[in-house]
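What follows are several structures.
Common to both upcoming complexes is chain A, partnered first by chain B, then by chain C.
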Partner chain A sequence: MLQINQVSITFGGLKALENVSFKVPDNSITALIGPNGAGKTTLFNIITGFLKNNTGQIEFENDDITNLPPYKIFEKGIARTFQNLNVIKELSLPENLLLGIIGKDKPSALKSMLRLNSSYWNSVTERINECMVLTGIQEWQNKKVNEMPYGILKNLEMARAILSYPKLLLLDEPAAGLNNNEKEILIELVTKLKNRGITIFMVEHDMNFVSTLADNVVCLNYGRVIAKGTYQEIRNNSEVIKAYLGDTDA
Partner chain B sequence: MQFIYSGITSGSIFALVALGFNIIYNTTGIINFAQGEFVMIGGMLIYTLLSIYGIPLFMAVPVALLLALIIGILFDKIFIKLVKVPNEINLITVTIAAATIIRGLAMVIWGRNTLNVSGYIPYSVISFPGGSLTSNSLLVIAVSLLTAFSLSLFFKKSSLGKAFRACYNDKMAASICGVDVGHIRMLAFGIAAFLGVVAGIVTAPITYVTYTDGVMVGLKGFAAAILGGLGNFWGGVAGGLLLGIFEGFFASILPSGYKDAFAFLIILFVLFLRPMGLFGKKKAERL
Partner chain C sequence: MKKINYLFLFTILLILVLTKLLIKNEYYLSIVIFGLFNAINASCFNILLGYTGIISLGQGAFYGIGAYCAVITAASYGISPSIAILMASFFSGILAFVVGYPTLRLHGHYLAMATLGFGMIIYVFMNEMAFLTGGPSGFLDINKFTLLGMSIYGESEFYIFVASMFFVFVVMFELFDKSFLAYKLKFIKESEFASKSFGINIFRTKLLTFSLVAAITAFNGGVYAYYAGFISPVSFNFHYSIQLLTMAIVGGVGSVSGGIVGAAILTALPEFMTAIEDYEMVLYGLFLAVTIIFLPEGLSGLFKKIVGKNASN
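Up next is the complex of A and B:
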């Protein structure tokens, strides 16, 4: 589904990513792991058009999406969440969710203002309600966004991404800052999304979370892929152990 | 009371100009110092369509408004989009340069003389408690407030309006939801030019039209936006009306020649005492 080919990027003299290549298979959960500063979020930002890579190519469903702007990437069917929340505080919870739909459907401004085409708008309301139930945020729909707890805001961001019916969903540290109970709920939700046919590609530090969900794991260190395979394979890889624990020979 | 009535008339124009400033500020983070020139262009366009080409009013107004949208979009494409390093200082400098170019072009096209535009409705004086308003002034107030309410409805209710509001708040989040931020910025210039041209059209029969009209009305609109809280929609409207009323009061107690200085006093007072304006909120910055 997603193919990263020899992607490199430098910031000044710093090589943030160097010849990174791997595949995210269709209908799978792939985790991107690595120590802080390994280049994980940089790669997410390149895939979603927020950064331009110096060399290399990114293909999505055999389509070259390298350096397309974020809204074009979104239109191709790639949605994402952020490590630092990107919920729009100016909009209400349902309006935030609506943004995920109108960004994709692009309904006419006049028709939306006058609520012409009522069957479409009824279906939009249904989709929003269904998604609120799926992500467990329905009780918060009348609350102000800036009064919501962190876990709910993370789910809101996820719900907004899901509403665009993405083919590929990028989750940047989805479990960060969540308690064990919230993580259990999130595992259930991500599994449901995979069962609905959405391919998941996530950056995550929580190895329990990764081991429970991921079909494939890619490990980055200093901007280079040092290992890829199943969680079991990665766990026993000496390069990965060295990257996380340091050189134990010393 | 009369100064209140005249203040509301001029204030409703400042409100439209302030809204133009706010829309551009919210979508780009810059002050468009060419906003006043859109008002001048509005007056010039309606003069040209009515007096030179003899087009009837009911056709001339929509044509002028359509041209306004096109001018705003071209403004973005010519002056803003081509800036290689689009930081705030560079963009603001470009808008000042653009204002000077537009004013110069207007002088070449329409000349230095004041141009007369006939009233759109029959002249009459309507009495109110403690004062009166002319029919033209009432038209200015009605059109300005109607425009502000329609725009507010557009931002609140339409899908595109929600995309605008998302861009105001968080461009990164908006773009990941499929909003083309560059397209929204282009439309913002179109709407800002539209507002300016509406102001120019309705005031043309009262103030007549000269190529330098944009300078003072632009600065007063800016003062109104600062007074209401830069970026705040209804703050801009309230700032415009208050500035108009204050200015009218000032002119009633001092020689009217000093009244233009009042807008600048307002800017200074607000920046010294309440930099976020009367209705503005401190905005959290993403670090």
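Up next is the complex of A and C:
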């Protein structure tokens, strides 16, 4: 589904990514792991068009999406969540979810102003309600966003992305800051999404989370892919152990 | 879908009708008319700042472009004032598109500086191109305003016309506020990063909003020129843009009523404080500071809170 070919980017003299290549297979869960500063979020930002790579190519469903602007990449069917929450505190929870729908459906502003699409609004309300139930946030719909716990806000971001019916969902550290109970719920949700045919590509530090969910794991260190394979293959890889624990010979 | 606030629209209509019935003094009626022009401009400013996050200090210039273009076109080519106003509005929209194309890539202070620069250029142009604009002395040769063959002249007739125009604008603003478009703009204002990730073409949306708002402001400027019967660059300078900013913030950004409340207060206030006219800008600064610190949602936000609290009690 997603193919990264020889992608490199430098910031000044720093090589943030160097000839990174791997594939995210269709209808799978792929985890991107690596120590802090390995280049994981940088790669996410390149895939979603927020950064321009110096060399290399990114293909999505055999289409070259390299250096397309973010909104065009979204139109191809790639949605994402953020490492730092990007919710709008002024708006209610259902209103926040509208972002996923407006961006995808692009409803006519004039029809909306003249109230000529009330049946569409009703379908939007239904979709939002359904998605709130799926992500377990429906009880919070009447609360202010700034009164919500972190875990609910994470699910809000997830719900917003799901509402755009993505083919590929990029999750940037979805389990960060969640307690064990919230992680269990998240694992259930991500599994449900995979079963609905959504391909998941996530950056994650929590290895229990990764081992439970990921079909494939790619490990980055200092901007280079040092290992890829199943979780079992990765956990026994000496390069990965060295990257996380340091050189034991030292 | 958010419900249309019919009570608000009815209240506005009632105030407009009562004003016509109760105010017989032409001077006071003229202040109300100026207040309505300001309310439209401040609301337009509010759409830019409160909804989209665009801080434009060149709105006074678009108001002036509308005024000058309408009267110059009508005087030079003998066309009907209403057609001339529409042409001026269209021209201003196109000009805003051209100006916005490079400037709307900027954010925050940089965008404010760029639009301020544009406003200054237009102000100098109005002053220096005396053969066209009349220079600092202003433009006097303004015909009577006609609409569909009817001449509109005098405070009372103009009040009916401007009040109707204002009410149509408020209805459109209310419809906009309850539409997808308002949400789209608010998403852009609050998080460009998230909006881009969710398929919104930020630049195109900002550019179209900026152009449309400039066209409405210019239309308002055209009508203003025919009402005032005389225009000069001073009416459209940097001070006027700052006044609009103050009206929007004091009234409350991001709401339909904000610009209207701000315009009502800041149009009426100088009439009662003529003795300290020289300190007008200081007062505006003070209003801005007090509102930003103590009333971030402006006076309309405060009013809504009080009404909401009483309703819950």
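Methods note: the second predicted complex is superposed on the first by the 249 of 250 C-alpha atoms of A that agree within 3 Å, B and C clash if a C-alpha of one lies under 4 Å from a C-alpha of the other, contacts with A are read in each partner's own complex, and residues count from 1 in each chain.
Convention: contacts are C-beta pairs under 8 Å (C-beta built on N, C-alpha and C of every residue); 3 or more make two chains touch, one makes a residue touch a chain.
Being a predicted model, the structure only gives us computed values, none of them experimental.
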Side-by-side fit of chain B and chain C on chain A, or clash: clash
Which superposed partner A:Y222 touches (first chain B, second chain C, both, neither): neither
Partner chain in contact with A:Y71 - chain B first, chain C second, else both or neither: both
Which of chain B and chain C A:S118 touches, first, second, both or neither: second
Chain B versus chain C as contact partner of A:F22, first or second or both or neither: neither
Which of chain B and chain C A:R80 touches, first, second, both or neither: both
Which of chain B and chain C A:Y165 touches, first, second, both or neither: neither
Intersection of chain A interface sets (partners chain B, chain C): 48-50, 69-71, 74-75, 79-80, 82, 86, 88-91, 95, 98-100, 102-104, 106-107, 109, 112-113, 160, 164
Residues of chain A that touch chain C when the two form their complex: 48-50, 69-71, 74-75, 79-80, 82, 86, 88-91, 95, 98-100, 102-104, 106-107, 109, 112-115, 118, 121, 125, 160, 164
Chain B-facing residues of chain A, complex: 48-50, 69-71, 74-75, 79-80, 82, 84, 86-91, 95, 98-100, 102-104, 106-110, 112-113, 160, 164
Residue ranges of chain C touching chain A (in the complex, touch as defined): 1, 4, 172, 175-176, 179-181, 183-184, 186-187, 190-191, 193-202, 254
Residues on chain B engaged by chain A in the complex (per definition of touch): 153-154, 157-163, 165-166, 168-170, 172-182, 286
